[in-house]
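A, B, C, D and E label the chains in the order they appear, each numbered from 1.
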């Protein structure tokens, strides 16, 4: 680790600790959504960025994680219009099982994931979204149907990640509600997920994945069991999706099938493109960008030109955010090979003047000079 | 930090001796609107928002409430649950009540927090699972009551009798399923056979469904879907020679359909059932609302959202006024004040009982009929009434 | 039996519309190897232009304008984005088209606002009675038009150099240029044609038995994806077959919904995708698609 | 002089490769027609033949990329025809590709480390958690990669993305990657195609050094007849998928069938192949 | 730019004057001048990276595909300026390039590849004739007409690439390493083909690594080194020069012989890996 990496890590860690003491709940909530998105995007980047397998069904695995957690953790409920099932397991166990369940779901799809490539795989995974929506709205006892169901708060060693009005937690004069508490949980999960993915990418599996992306036949001839690897990465990526789903469920406090639709799946693709394909940092940057953009525009819509308040004629904040995020995808691919991460790296290099600006970032989108056929 | 408040309780008494809480200051009361301006219910959301802002403006001109001016805090969730949750986290701590929330999935997603916050909330959805929560006030009838009254109407005026088959086309989700509960009940009571067809909001072409209804030989069709699907259903049925009466839920119709090719079919034998009076009705309050609305929003069409939003705003403001009398403008105080009224809304054409919350506030439904020339595109076909069937019906709650 | 026939005919006619959309995907894929996720916005723009102009221009002129407008938008996307994106993987280009689609549909739905727009077609809500089977006239028009257009393309691909130029450019634009192919023209042409096809499909999707154009139309475009894929992304015949399979599946599953309740409600939406998955498991490149064969 | 060289410390564990009656058919085309030959342990065996004769196809069958329609390939005790590529790699068979098949965006070091895949164990979990075992393994094999890079002459380029390197260097990376698999049989598909005189010499030198140091078997496809004649201990000639000659280079070179099908007039060959 | 007027239109061949080419910051050619008279075969020799392909790209107008551009100088053919023209315009002028590495359209059939070659030409009858000629030159292409080109062997692909270029009935053919990876006999066949094509009136500019073969074909030769012309002259003369013999023909290096005859290597030996 270079000195600047250590410095940066320290700064980020300090920021992560201090933030909940200053920002109000709604910012924390958006921050938490961004963290969850980052975990999910890291998983997708392992699959799409590093291994070259296009997936448009990532949202499905988030759903499996979210509803898996809710089902495992909830006590069964009789009565009401619908009876709701549940296993009533301890919540940490439920979370782990939910992540594993997402992995199993990925494993079930892997016969397809191992066989198909490119656009075919992309659209085949699209089916997951529709099948998932269908299953979620029909499996009412598990998912609560169309309206979803409430999420039991996480409880770790007697510490509850929820608002506890009866026993308020106050630290340094700041009341610690559900979101403040979850913030730290989210930050730790993201850190762990990021480090793990980095280890995978830089290690033996990562090289095998990259070679499968670049030259599948060569990978096989070099001893990489290609189908098993493709399936394995699919499962791993699903588990990341599942973990993101669990975190989102905890932040939401209510999970609803509608949320895990096509738009969400596309947003994850946008994240890894915007941030930078194939790397952990790229996924995180993209996730933060895509999840915070609408929020920032809404918050500052009155200060921004061309954006109108809700209900007036013109481009509203929500629309502006949509347009900007669509544009960002296009602009990044056209002008920023390597995504925002590539841009940051280049800027740092240029400022540090350590290498000429032309040095291509490792995972750039631009083709490298032709190799001979 | 700014956030370091010590975490104490948040109710306090302001200078005038009125207990206040979040959303109320010495001169201002903030009311949240969580609406859909960019999603599938954008036109409805826009009418609701406009109408409520009109009401608040009128109230402010008349001196406000409790010496305070009303302020609307609008957030557009675009019919996206996550955005709704985010919006609630953002505006929840700053408002005293939610004068409308579009979409029952959105209300459900924030239901726990609404209850924890004791936030008076008027959903613009009429599914039965929204009942049973003290701060949540579903206005007038629920979809099942409307359908029961609708079946009753079919039996009394359209010659449907025991042994006949009737169809019901409904959306998946709360709306359709609530309505289906009602139709199932009524069909059983009257000895009718119900032919169900469930669709999704993304389905556009009802040909297959019509074929299925035709095959079953239905004598009338209940409709609990969106306006587009209604138009397709009615158009295809008629064109295919299935000339039966249609009875829709209040969300199944929109005046925008009249200029489309489905218009004539809708005008022929389609009715919709609604707990709130159509804006074209003779009630003086409605007439005034229509005039004021036209004056303020000359370019916007008038639809059912206008009257629904306006009366919902009135419910919230009346609750605030009552709470002011009780010198308690905290959220809990507002909810209690609201729940103390048992005959609200005569002037809007429907008497509602707010003291119970595990039953619909009213069992009376209007039968309305599309009309090209009428304001809001429909006229009252039959005045509000409770059917005997509806009186005996046990509403499923939650 | 009548019911079955009616459902079948209805499925075929709606399938023909899906086939038109799928054909657009196929053409773009052949020319630029891109899966065009921005197709929904082409659909929307075509329909929108027809809806906005038919009153003043009359239907046929408005239709022509709609076709031209969507074609122009397709060409513009190619010119402004696809041509300039220099990426290794075509999957990335596919994601770029998602970005384009988000921008365009957001703006278009904002323009359309909350209205339901009629397209002013001459067929109205007339229905043809053939024996006991009823078919809307508009659907017959869709079927006839789609069959003609698809037949035309099949012939064009086979007997003109256009198809060759398109595939050559798709595979290696530099070498195609060395053959004298004008790259810009070929791929832009393909996008324009796909745009026009989308506008045509939009017309048939937004007239009777559906009430008109509104913002939800884009959702229907999704169903053309399984159609294009299960037929084979690079096959014109595949687009036709895929469209018909999806249309008929959807119609039958919808029509026999009450008999199929045991499978769960709302099966109509997933059925196309299930069919697609099954076909892909057996033939990973779709029914008529060419298998990606590598040699080293 | 082909049989002159026998590395003294020849590894006894290097197995014999026996190709028996291998036939490969593609739709309407017989690419290999009952081809048989044997690669003796530790020898350099060349496969030559006109373009399209089936040489690369033969390599593809041996490395599991293509499935033989019939016939058998035995490497020691193992029957290869039914195995997938990675299982064949695990037996110690490595190859290079006629058309470069490297990961252009990865560094030379990473491309070479991929060659170690079959010799290393770290999976998702141990790599993700950076378990000590994974780290130790990476370090140990990293050293060997550097040794091999030095041997092939790639030390200065280790950190460079492969795609930025000149063609000749990329071809050497291909060879180094195959060596990193610690193969018992090394298959080289046209290792000097597209190289100039100097580069060709260097590559030939390398191949000799490999055989000298490691004593492994080498199967070579090459059109540069000068090189084939000098390096090979035995030559198999294919034409239209059929074996038309097999034996020591001198014999094969003078086989009239071979001259007809492949070499053309001998005098011209000398001139045309530098 | 008229300083280097390439002469009267219609009868002059290809002229390249003071050509400089950059790929972004990299300069690949500087001040290269070269003439290919009508009906001649001219060859360009040079090591890897000398700039041979770059020269051909500058002529055929495909530099832009590699993010390169002409910095200075001019290219003209038959009196018409080619520098600055689009690739399709260059093809329309009758200058057709066979790209390095064959670049057949792998997913199209052999037949379709040939049809692609005729896309630039308008004349249908001429195309049919060209097809006849190509199939006589390379009968194997007729046999494999329905096979996908990507599945052809290397040599077959090379023949297809040349055949495809001939479909446009070029006045001038630019060949970039046509014998790359070809069997000796096939290389000779290609050489014969080039002779034949030339005899039928097509001017040829040939880039080759196989110097012996190239020099036997060409009347005139240029040697490029690091982007500059370092030698030029009649092919026969060059073939005699020591420099060319040593560097490009690989003749006269005694180290070579010693090495390949099995003498101990000068390289550090690689020890066996013991796991």
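The working rule: contacts are C-beta pairs under 8 Å (C-beta built on N, C-alpha and C of every residue); 3 or more make two chains touch, one makes a residue touch a chain.
It should be emphasised that the depicted structure is a prediction, and the values quoted were computed from it without experimental measurement.
Traced through touching neighbours, the fewest hops from subunit B to subunit E number 2. Common neighbours of subunit B and subunit C, listed by label, are A. In this assembly, the chain whose C-alpha centre lies farthest from subunit A is E.
Using mean Cα coordinates as chain centres, the one most removed from subunit C is D.
Per-chain CA centroids place subunit A at a distance of 51 Å from subunit E. Chain geometry summary: the mean Cα position of subunit C and that of subunit D are 48 Å apart. Computed from the mean C-alpha positions, the centre of subunit D lies at a distance of 29 Å from the centre of subunit E.
The distance from the centre of subunit A to the centre of subunit C, each centre being the mean of the chain's C-alpha atoms, comes to 31 Å. Under the contact definition stated at the top, the residues of subunit D that touch 2 or more other chains are 56, 65, 97-99, 101, 167, 194.
Residue positions of subunit C with contacts to 2 or more other chains are 110, 265-266, 269, 294-296.
Chain contacts: subunit B has residues 38, 46, 172 touching two or more partner chains.
Taken in their complex, subunit C has these residues touching subunit A: 29, 35, 81, 84-96, 98-104, 106-107, 110, 222, 225-226, 228-229, 233, 264-267, 269-270, 273-274, 276-277, 280-281, 284-286, 292, 294, 296. Taken together, the subunit E residues at the contact with subunit D in this complex read 47-49, 140, 147, 151-156, 158, 177, 180-188, 191, 209-213, 216, 247-251, 253, 256, 259-262, 264-273, 275. For subunit D in complex with subunit A, the residues that touch the partner chain are 63-65, 84-86, 88-90, 94-95, 97, 99-106, 110, 113-118, 120, 122-124, 127-130, 134, 137-138, 161, 163-164, 167, 170, 177, 181, 194. Subunit B contributes residues 38, 40, 42-43, 46, 172, 195-209, 211-212, 214-215, 227-228, 231-232, 235-236, 238-241, 254, 256-257, 259-262, 264-265 to its touches with subunit C in the complex.
Subunit C contributes residues 2-3, 6-7, 10-11, 14, 109-110, 113-116, 118, 124-127, 129, 134, 136, 139, 205, 207-212, 214-217, 219-220, 250-252, 254-258, 265-266, 268-269 to its touches with subunit B in the complex.
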